[in-house]
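Down below are the structures I want you to see.
Here come two complexes built around chain A, the first alongside chain B, the second alongside chain C.
So, the complex of A and B:
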C-alpha cells in the first residue's frame, strides 16, 4: 500500500490479487463496462465482500469471510471498478475518531502535510482522521483510492470527510441498498460515498442508487439524472442558515468559514436567510438513545454459533454466548449494548425509547417545515473544530466524544435526509475544515451540484505530504484515470 | 459540544460545564472541553490552546448577520431533570443477563450512569400529542419481493463459517442451564480470557 503509516487499509495481499486477476481477465472488447471501469476504490470493512475477510475492526469477526457481497460493492465490481482493499474503522462503526478498532487508530494524512508541520510545529503529534469511516476518508485524501465507500449512521462518513478534506455524501435514506452492510442502526444507516470532487460523487451515486429486492427499505430513485449540470444557477437557490447550528464548542475558525461561505452565496445572488430548527439541541440526545437501543438489538446476533469468534468455554449455551461476547467486543461496543438494554427495559421503554422516537418525529418535522417553506438547502458546519491531536482526543471516552463530534451530522440521519460535506479551507494549524449542505429527501443531485459550485470557488488546497514521493504541484492522479472520470461528469 | 449537567463534588476531578450563550447574564462563555478542577484553580488548557491558535490565525474575519455569531443552545437546568439514576448491583446483574455481556468493572457502571444522565435531557422536550417515529419511510409503500425461492443450496458454504459443526448441524453446548451468579461468572470469564 502507498501509505502504510496511516493504517487506513488493512486488507491486502492475496485477497486483492484475486480481485485484480479477475479484472485483468475481462475480455478485451475495448469498451469500458461503465463510467467506473478500471477505477480503484476502497470499501469500509463493515461491508461484506465475498470470500474477503470482513472484520468490522473487531475480534468478533476476525477471520470471517462472508458468503456474499454487499449490493453496493457488487454494483461497483460489475462496473469494472477495482477494489483495492477494505478500510479501517472504529469497531463496528461505533465512534467518531476511528481510534477504537482492533487494528489500531487511523492517522490523518493532513497531520503529515507540509502545511501542518509548518504551522503546528515539529512536535505536534498526528491527528485523528475522524470516524467511524476514517480509513475510507484517508484512502481518498491520500489518493490511494479514487473514491471510497463508508457508512453513515450519525455522521460517520461526513465527519472523517470534513477532517480529511474530502467530499463526503450521506445519501437520502433508502436510496442506496444496505444489503451486505453489517447493520448498526437499521433506521438510520446508509452507505456513504467519499470522493475528492462532488462530480465524482454524483457519478458513483448514479451507479449505486436504486431499488434492491434484497433490501426492502430501498426506495425508487428520482427520475432526474445524476449527471451534474454544467453549473447550477444559485440565483434560484434559497439557502437556510439554521441558528441552532451554532452549538457550544464551535471553533472560531469554523464559524468564520461558515460565515464566509454564506457571504459567498449571497454575493453570487443566492438568497440566504436565517431559519430555525428548534429541536436541534435535543437531537444528539435522541440519537444517543435510539442508537444504543438498535445496537443492543443488532449486536445480539453475535453469539459464536454460526459465524465469528467462538469462545472455548462450553459449559452451557448461555455461558458460551457470554464468554464469546466478553472476549470479542471492545469496551465501546459493550457499553453501547448495555446502555441500549437499559433503555429497552420495560420500566424505561416509554420513558426513554418511545420518548426518543417522539423527539425524532419533532426533529424530522423541523426540517420538513423549513423545506416546505421554500428553502432549498441548509448550510451548516460539519464538525465543531478541525481534527484534534490523537493524544488529546483519547482523553475523553468514546461516548463523550461521539456526543461532541456528531452534533451537526446526526440530525440528517434522524430525518433520513441527504447531506454532503465540502472541504472549505485549512485552519490556522493547516488542517481541513468542511461545511455541510443538507437538502430535502431525494434531492441528492442538487445538493452535489451546489457542492460542485462551491468547490470551484473555494479552491481548497491540495494535500502536500512532507518528505514523500509526491512533490508539491504534482497532479495527484494519473492523467488516464482523471480523464476516465471527468469524461462522465 | 453536548449540553450536560455537572456538579462539582469533592470526589470528582473533572467537571462538565453547562454551556451558556454569551449574551445571557449567566456568565462567560467557556470553551467546550472538560475543565479540570485542581485545587480550586480551573485550568482551561484546551481553551488556551484555542486562543493561541486564534492569535496566530491569518483567517480574515467574516461577518454576516444571518449566521449566528454566538452559541444559541439553552441551558438545561438540574431541576428540569428527574433525579439521577443509580445502577444498583441487582440491575447490573439483570442487564448482564439480558445482554449476555459483562460490565467488567465499576468504570462500565459509571459510564452507564453518565449515559442515562445524558439521556435524561429528553424529558425537557414537550412531546404531547406526538406520535413516535420508527422509520423515516413510514409514509411509503415499500417493495416486497415475491415469496419465491430464487437462491439457496448453500448449506455447506454457510456451515463452513462456523467453528463447530457436525453432520450438517451447528453444535451448541447444553441449553436450559442458567447463567451462574455474578461472582462465579466473573471467575468464569477471567478463565475464558486465558
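So, the complex of A and C:
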C-alpha cells in the first residue's frame, strides 16, 4: 500500500494485488481504455467488489466476499482504473464522523499537517475526517488515491469532503446506479465522487452516469458533455443564499467564508440574492424518520442465514436471528432499527412516516420554487464548523452528531438534487472549511463548472504533512500527540 | 330449476340445527364428489330457509388466492422458474437478498396480471405501487416481501361461475363473486423441517416467483360454491396462459376466510383456513370449518379469530401455531421500484421506449376466448346442453376433441356429445387418463359414428366396436366391423327366417300378443336381436314381428 499512517484504507493486500496484476498483465495496446485508464482509486467499503471483502465496517459482514461488483465500480474497472483499496466508514454508513465502525475511527490527515500543527498548537488532538465516507475523503486528501467513491445519503460524501478539504459531489438521485451499493436509505442514497478538483469529478461523473438496467431508479443522463469548459461567465448566473441556512451552531469562521464567497460571486458580476426555503427547519427531523424506517427495512435481511455473521446460538430460528443481530450490529445500527420499526408500526405510520414524506415533498417544492424563480444555484455552508477533535466529537452520541452534521447537507438528499462541496479556506486552526453548491436536478455538470470556477479563485492551500506517523494497530495517534490526547480524557 | 330447488330445500329442512347431510353435488363431471354440506349450504336455498328457519346460521366464505404467474423468469430477477429442480439451483443474487441487489420488474408478470384483471372485469389501475411487507421467516431472505398493499394493479372485478346441481336433471346455477383486487407480489421460498437432525432446511427456488394475489369478497356461502369459483378461475387462468393453475404443484393456492352468522346480523368472527393444496379438499375444508363454527356458536361459544390448517388425513381444520401473536407487517413503500405506469394506445408517451410501455387496450384486444364464451359458443353452435358445455370445458383438451369429431363425422353434434361424455370420458376417468392420452383418436371415433349414422352398424354393435377401438390395436372401426362381422344384416330373407323361427319357438308369447298384450313383442325383439348379435335393423325386425303376429 502506498501510504501507511491512516486507518482509512482496509488493506486487502492480496485482493489489491490481484486487481493491479490483472491490469499490469494486460496492458492496453497503445490506446487507453478510457480517460481513467491506469488511474488509482479507492472505494468506500459499502460498494460490493467481487471476491474482495466488503464489510460496511460491520462485524455483520466481516469476511463477506460478494459474488458480484457494483455497477459504478465495474464501470471504473472496465475503464482500466486501478482499485487500490476499500475505505473505512461508519458501520453501514450510519454516522457523520467515520468514528463508529468496527475497524475504529478514521483520522483526518489535516490533523498531521504543518498548518494544523502551527495554528492549533502541538497539543491539539487529531480530528475526525467526517463521515460516513471518511476513508474515501482521506484517501483523496492524503493523495493515496486520485479519486474515491463514497456514498451520500444525508451528506456522507460532502461532509468528509468538506472536513478533509476535497471536492465532493453528490450527484442527482438516479444519475448513478446504486446496484451493488449496500443501501442505507434507498430513496436518498447516491454514489458520491471525491476528487481534488471539480474537473476530475466531472470526468469521473462522465464515466459513471447513465441508465443501469439493474437499478430501476436510474434516469437517462443529460445529453450535454460532462467535460468542463475552460472558463465560464458568471455574470448571467443567479446565486441564491438560503436564509434558513443561518443555523444555530454555525461557526463565525464558516459564516465569514460563506460571505466571502458570496462577495466574490457578486464582485465577478453574478447576481447574489437571499432566498427562502421555509421547510428546511423540519428537514432533519423528517430525514431521521425516513432514514430509520428504511434502515429498519434494509437491515432485516441480515439474519445470518444466507451470508454474514451467524451466532453460535441455535436454539431456534428466532433465537438465532436475535443473537446474530445483537452480536454483529453496533449500538448505532440497532438503535436506528428500533426507531425505524417504531415509526413503521401500523399505529404510528400515518403519524410519522406519512407525515415525514409529506414534509419531504414540501422540502422538494421549496427548492423547485426557488429554481423555477430563476435562481441557478444555491450557495450554503457544507458543515457548521471545521473538523472537531476526536475526543470532543465522541462526547456526543451518534444520533446527536448526525443531526448537527447533516443539517446543511440532507435537504439535497430529501429533494434528490445535485450538490457539491468546494474546499474554500483553512480555519484559524488550520483545518479545511468547505462551501456547498446545490443545483436543480441533472445540472450536475453546471454545478461542477461553477465549482471549478470557484476553485480557481479560492486558491485553497495544499495539505503539507509534517512529522512522523503512527504505527497502524494502535489508537492511530501520532506519537507526539498521545500525551495531549490523554490530557483530554 | 324448481325441481332442484325443492330438492335442495328438502335436504336443508330435514336438517335440524347440528345435522349435516350427505348430498351429492356435481361440481363437474370429473368431480362427482360426495360431501357433507352445512345446514346453510347453498344460497339458492338460503332465502327460503330464512323464512322458515330465521335463526338458522349461514356460512360466509371469502377467498384469497395466490396464483403463480406462468413466466420463464421470476418477478424481480432473471432466475428461471421451474418446478422440481434441485434445491437452490434457481436462485439469483437478488433472490438470496444479497446486499446491494435491486429488484427489476419482469414485464411478462405485469402483462399477465393486467390480462387476468381484464378477464375478471377489473378496473386496471394506470398507476400502481409496490410496498414492503415485513416479517422474519427463514424462507423470506430479505425479511420482507415486495407486494402491492396500497395501490394494486387491478381492482373491483367480478368472476361469474356456475354451480352444477345434481337433481332429477342437471342444472347450472349462475353465481358471481366480486374480486376486490389483484396484486403482484413475490413468492417465498420453502422451509423443510428436518426433525431428525432438528434443522430447518431452506430452498429458495420458489423465492421471488411472481404471484398474483386475488382477493375474492365473502360472496360465497359454502365449500361447493367456493370450489366452483376456484375451478372457473382456474379455467380462465389456463385459457389466458397467465397461470398453469396446478394446485398440487402449488401454482394455485387457496386460503379461505370463513365465518357464520344469522342472516340480517353482522358477519361473524372469521377464521382463515390455510393449507388447502388440492381442489378435492377445498370444499371439504370449508364445509368442515363452517360446521365447526356453527357447532361453536350454537353451543353458546364464540369463534376465535385464528388461522387454521386443513389436515387432509383427518378431514379437519386445526389451529396453526400463530406467528408470535399479533403481526404488525410494518408496511412501507418499496423505494427501489418507481410507480408502475400503464397506458392506452391513446395515452402512451410518444417518445417512450416501446419495450418499457405496456398498453392495456392492446392486451384487451389479445384476450383469448374465455371459458364462459366457449361454453356459450358450444351450446349455440352445436345445440348441446349447457351442463354438457361445462363438462367439455372443464376437461383439458376435451373441447378440441369434441369439435374435431364433429367436424369429421356426419353424425349430429347432439349424438357426438353423448359418445364423448359418456363413453369416452367415462372410460378415461375410470382409468385416470387425460384426453390427450385417449387411445381413440377423434378420427377413429368419427369413423365409428359415421358407420352408425349410415346404418351400417347398430347402436349395440357400435358399443362393441368402441370397446375394440379402446384396446388401441390400430384397427379402424371399419376393419373391426368387417373382421368381427358386426355389420347390419342386409339379407332380408335371413332376418325374416330368424324372426319366423323365434315366433315358432314362442307360441305362448305369440298368443299373448294376439290377445292384445303388445308389450310382449319386445321380448321377441330381444330374442331376434340376440340371435343376430344386434346386427339386424331393429325397425325392420319390429315390422316383421308385427306382421307375423297380427
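The definition used in the following text is that the second predicted complex is superposed on the first by the 463 of 489 C-alpha atoms of A that agree within 3 Å, B and C clash if a C-alpha of one lies under 4 Å from a C-alpha of the other, contacts with A are read in each partner's own complex, and residues count from 1 in each chain.
Assume contacts are C-beta pairs under 8 Å (C-beta built on N, C-alpha and C of every residue); 3 or more make two chains touch, one makes a residue touch a chain.
Computed from a predicted model, the values in this text were never measured in an experiment.
In the superposed model, A:305 makes contact with both chain B and chain C. In the superposition on chain A, the chain among chain B and chain C reaching more residues of chain A is B. Of the two partner chains, chain C is the only one touched by A:293; chain B is not.
Once the two complexes are laid over each other on the shared chain, residue contacts for A:396 go to chain B alone; chain C is not touched. By the touch criterion stated above, A:78 is placed in contact with neither chain B nor chain C.
After overlaying the two complexes on the shared chain, residue contacts for A:182 are found with chain C alone; chain B is out of touch. Looking at the shared chain after the overlay, A:284 reaches chain B, while chain C stays out of its contact range.
In the superposition on chain A, contact is made by A:248 with chain B only, not with chain C. In the superposition on chain A, A:268 contacts neither chain B nor chain C.
By the document's definition of touching, neither partner reaches A:233: not chain B, not chain C. On chain A, the patch touched by chain B and the patch touched by chain C overlap at residues 67, 187, 213, 216-217, 296, 303, 305-307, 317-318, 321, 341, 345. Those residues of chain B that touch chain A in the complex are listed here as 1-4, 19, 29, 31-34, 46, 50, 53-54, 56-64, 66-74, 87, 94-96, 98-104, 108, 111-112, 114-116, 118-119, 121-125, 127, 130-137, 140, 142-145, 154, 157-158, 161-164, 170, 172-175, 177-180, 185, 188-189, 191-193. Contact residues on chain A toward chain B in their complex (touch as defined above): 64-65, 67, 119, 173-174, 187, 211, 213, 216-219, 241, 243-253, 255-260, 262-263, 266, 272-274, 279, 281-282, 284-286, 288-289, 292, 296, 303-307, 310-323, 325-327, 329, 331, 334-335, 337-339, 341-343, 345, 351-352, 354-362, 364, 384, 392, 395-397, 399-400, 403-404, 407, 415-416, 425, 427-429, 441. Looking at the complex, you find that chain C touches chain A at residues 93, 96-105, 132, 134, 136, 138, 141-144, 200, 202, 324, 328-332, 335-338.
Remark: chain A residues 47-48, 56, 61, 66-68, 70, 178-183, 185-187, 213-217, 293-294, 296-297, 299-303, 305-307, 317-318, 321, 341, 344-346, 349, 353 touch chain C in the complex.
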